[in-house]
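As written, the chains take the letters A, B, C and D, and residue 1 is the first residue of each chain.
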Amino acid sequence: MIVAMQEKASEEQIQAVIERLVELGFEVHRSTGKLQTVLGAVGARVDFDIRDLEVMDGVKEVHRISSPYKLVARSFRPEGTTVKLRNGVSIGGQDVVVMAGPCSVESREQLFTIAEIVSKAGARILRGGAFKPRTSPYSFQGLGEEGLKLLKEAGEKFGLLVISEVMEISQIPLMEPYVDIYQVGARNMQNFNLLRELGKARKPVMLKRGIAATIEEMLLSAEYMMAGGNYELILCERGIRTFETYTRNTLDISAIPIVHKLSHLPITADPSHGTGRRDKVSPMARAAVAAGADAVIVEVHHQPDKALSDGAQSLFPEQFSKLMDELRMIAPAVGRKIA
Amino acid sequence: MIVAMQEKASEEQIQAVIERLVELGFEVHRSTGKLQTVLGAVGARVDFDIRDLEVMDGVKEVHRISSPYKLVARSFRPEGTTVKLRNGVSIGGQDVVVMAGPCSVESREQLFTIAEIVSKAGARILRGGAFKPRTSPYSFQGLGEEGLKLLKEAGEKFGLLVISEVMEISQIPLMEPYVDIYQVGARNMQNFNLLRELGKARKPVMLKRGIAATIEEMLLSAEYMMAGGNYELILCERGIRTFETYTRNTLDISAIPIVHKLSHLPITADPSHGTGRRDKVSPMARAAVAAGADAVIVEVHHQPDKALSDGAQSLFPEQFSKLMDELRMIAPAVGRKIA
Amino acid sequence: MIVAMQEKASEEQIQAVIERLVELGFEVHRSTGKLQTVLGAVGARVDFDIRDLEVMDGVKEVHRISSPYKLVARSFRPEGTTVKLRNGVSIGGQDVVVMAGPCSVESREQLFTIAEIVSKAGARILRGGAFKPRTSPYSFQGLGEEGLKLLKEAGEKFGLLVISEVMEISQIPLMEPYVDIYQVGARNMQNFNLLRELGKARKPVMLKRGIAATIEEMLLSAEYMMAGGNYELILCERGIRTFETYTRNTLDISAIPIVHKLSHLPITADPSHGTGRRDKVSPMARAAVAAGADAVIVEVHHQPDKALSDGAQSLFPEQFSKLMDELRMIAPAVGRKIA
Amino acid sequence: MIVAMQEKASEEQIQAVIERLVELGFEVHRSTGKLQTVLGAVGARVDFDIRDLEVMDGVKEVHRISSPYKLVARSFRPEGTTVKLRNGVSIGGQDVVVMAGPCSVESREQLFTIAEIVSKAGARILRGGAFKPRTSPYSFQGLGEEGLKLLKEAGEKFGLLVISEVMEISQIPLMEPYVDIYQVGARNMQNFNLLRELGKARKPVMLKRGIAATIEEMLLSAEYMMAGGNYELILCERGIRTFETYTRNTLDISAIPIVHKLSHLPITADPSHGTGRRDKVSPMARAAVAAGADAVIVEVHHQPDKALSDGAQSLFPEQFSKLMDELRMIAPAVGRKIA
């Protein structure tokens, strides 16, 4: 940590800061310049709140030098993490993996129809929500465990792995027999109680970026799970809130190369939630793969206008097939292929 | 709802939209102009996803005319809501109420010292966190039920009511005997499972705005609780995330007059979390009262540099006393007084 | 325009709004429902400030139905605009055009070296700034007209067209003999005096989106120039300001498909300014082409660490060649090719 | 400047960074720790682009320690700047100054009517725009020099000083005989050509914060003018662009205490542009004064519904009088009074 004192800081103020740092367990190096004194502090707590120094008298600025995260940092595994799943599917390797399916599991017929479509088109993982707490108490709330069973059955029938969202600690053991990947939604990115339990889980987790979360904060949430023992993590960019109102959120494609630089973890893009509008999903899925995404997750529905949730952002089957063809052309440009 | 068709929309496209609206239970009024056709749709579901129409062929724009909320709207209770509490304290009436206390309850000595200070200075409600899930598993996690007991004891001793944050459904019954107001934090503003249970609670709830939530979204979360039966609600502005990095968040003071216009519910401001820096807390608390806030909630600590959390944003006792004096001078300018 | 009255609006309030609308030249259609009255207003001024109605008593919401822009709207030219330039280069047609060059023209040697590199790699248009007003009065301020001359010369020698930024009205005639496209920078997107003069110019203009401008506002600025008579316009996404601090700006790739839907004008992406960091430029350039961009503009420098401005975001020559190869592979996925 | 190397940075990479720093004129202090090497660089150019180091191999983070501004820093004039004007009016002293008037000067009758109203109510400075470049070429474009003459005349008649917006360099000498303060609008905050000329002007300048500008960027623009020789500067917060759509912009009240901490320059708030809606102007003006603003600037119109621009955000005369009474009550709470 670097503490830059104000130009007119008194010796007394400087000493007070030094004492505080020593008290906190830091080793302090003082560098007194013509204009100002700068203190370097090494060696102590990662979870230190730097504002505690910022508000001290005579302090101008405080910078954290060491990363607030260690385990998720690229330097921890320079070669990158490949999350290996069943059926020869892995995320973070040479294949770009496509996850597809409906927003919600609505019925056996709906799910099996869509699973067949996405499997034939080349998806490797089936997505679908089983728990859907909604703004209106009158809206469809998801099929719960029945939905999870259908996901597993459909996955087996059509050769697809399964990903589904977990929203509460109590759902972790319930979902365990049915899913290959737990998905943590954007609203739960900083639900540390949930993350703590998922850190103990023995299945991979895909963590979505919160709509107001910086990339660093997403990495910190992943660090929390890794510190708990779960190293099989996948990150997911799904759009941030900006002043632009035409799209629901602004899908931050630049998060993809940034995550690849800062961390060894693979990163997925979700253009369906990231744009909220069907006609923007394919362009943004293509952009994500071109920018280096390790996977994309896309909503597909055979009858989007009858979907019980998020129909407006679900692709029609023929749009999805066309997108798969386009992605197959783009992947080689980044040295990848579509699984 | 108003659906504006594109200028070149075909009659077939227009009919498809009309059919869709009728299917959804709307009564449709068609107005065919020289340039474009506009459809007015009245009478159906509040929870309708307008994007389902936006993505139809030939549709240009869709506007919701009726509010997505009813119960929290100003028109529901034009005279405004006053949340009546014990000890003659009420929020939303003529008094501006000050809630104060430490970020976390750390010990009996700490809490009683601070409670005495804030009570003498004129606060009416004691704040303090009992559950503190933190980024680092090594950080202080709160005293739990023991903290709640201390809050109640300190409140009784110094004539203060108690507010504390609830983070999980399971904590609702646990907290019930100890607190006067349940606080819902910014990260849980859209935790609909939690809101559903608080809708059934028989105690007032203070709902904080999420850092990426619009004012309308905060009102919708309050609507969710009111629909569940809890009419004793208080809103709280605590800062939104913007591009400005000097402060942790940007406290949106304009939310105060806006909420007063749109809703009958009282609104509080939290300048401690809204700015994250001690030296900005008093100016922003003054600004909130001048803008018409019904209450302010402020962090105070007798030894902020020893606080186990958020010390950097806690006022020193003498700063708090000075702030109370300033608020007493400002309140009459808006026809109020400090309780 | 649609004016939705409040549910409790009085007849008097409704009449006042109707009178106001009529006074403004609108034809008013009244629709009185069980709960509320809605007024449809057709036919008058495009430049009307809807807030004038919003603040009237009894008014709940006002929505503009007709677009605030006409000439730039997709419906004005459903087939799309192709801006035809010299040398068989055109933007908005089947070719994806690459513009490349240094941030600033620094010297003949520098410019000619870079022009040769980018020309050989496949760029068709040479970029380079001649006017560089800088934060520090001691920094390099650009070569002025001398820089423009060098651009033209280098362009002729290496078969490249020329684009350069115009910052003041007085520079328009000065630049006229030297450039093929005038570039309007993000800070001038709403400099209406400058736009007015460029509307009269007889050369194409590339208009960059302001860092705090919505897509609609960018279209309105283009409308302003088209209304002045210049139909040869190209838009450019170059990043918006968000809360994310890792990149200078967030390049909004979704603006590309959105502009293509709303407008007939071609759109370019500028990943150099959009990210501000060399290592993010290539991924974002690839993403832009995959999302359907009609052109990309990229900063290249043979000695970026000696560049007088923006060296940190300039590609090395070999990075640029590699990027061109990647773009050649991606373009066919969107039915295009690199010129 | 502090350059933190990556943990695995090679000695070669470290040497390259050191050489680069020396080349740039810095004096370098190396501190080699167990985990990483940190380089401190002192003494060179203020206008250095730190990204040039960030993109070097082996570099993890670069922090500027010295402020990018000097002259506007609080330490340059710890006692604060008071801008002294005619008639005993000064900004930054004990009086809180109110500037008021119409958005645009529309006619002698309009301006004189409003000037009389605001003067009687206690304003000390008359505001009014003479140049109004507007989105629509058919809209009112301002009265130009005629408007300036009217401002001066009205000011003399009613004992008011005059502030008006300057938009182009050519307007500076034109306005010189008529105004007491040049106003630089939000869109021109980084128009460095204009700022350079105003740095040479012999009249005070009020600089408005751009809607996407950080507080530091506003200070840098002020630094630019001070470096040019003009020390009579006033800053102005007028709202930033955020995701909240209910108000046009979010008036960042916290900028007021932040500017007071970082700089010696006085700061004004503009709640009219900051909110864009009449009913939010008075609450936000009160909030600004309560937070410590040195002045407020407010739009007032005797017939806002007939105003040629921004009528929706103009106060009625009686609202303005009431606001002045409220401000008179609030000012003493911050040790000030209304002039």
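To be clear about the criterion, a contact is a pair of C-beta atoms (placed from the backbone, for glycine too) under 8 Å apart; a residue touches a chain by one contact, two chains touch by 3 or more.
What you see is a predicted model, and the numbers here were worked out from it, not measured in a lab.
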| item | value |
| --- | --- |
| Farthest chain relative to chain D (centres taken as mean CA coordinates) | A |
| Same-interface partner of B-D, chosen from the options A-C, C-D or A-B, over half of the pairs matching | A-C |
| Geometric centre distance via CA averages, chain C-chain A, whole Å | 31 |
| Centre-of-Cα separation between chain B and chain A, whole angstrom | 27 |
| Approximate Å spacing (C-alpha centroids) for the pair chain B, chain C | 39 |
| In chain C, residues with contacts to at least two other chains | 212, 241-243, 245, 279 |
| Partner chain A, residues of chain C touching it in the complex | 212, 214-216, 240, 242-247, 250-258, 261, 274-275, 279-280, 283-284, 286-292, 326-327, 329-330, 332-334 |
| Complex interface listing, chain D residues touching chain C | 20, 45-47, 49, 51-52, 54-55, 133-139, 167-168, 187, 190-193, 196, 210-212, 220, 224, 227-228, 241, 276-279, 305, 309-313 |
| Touching residues (chain side chain B, partner chain C) in the complex | 2, 4, 6-8, 29, 31, 33, 35-36, 38, 40, 42, 60-61, 63, 65-67, 75, 78, 241-243, 245 |
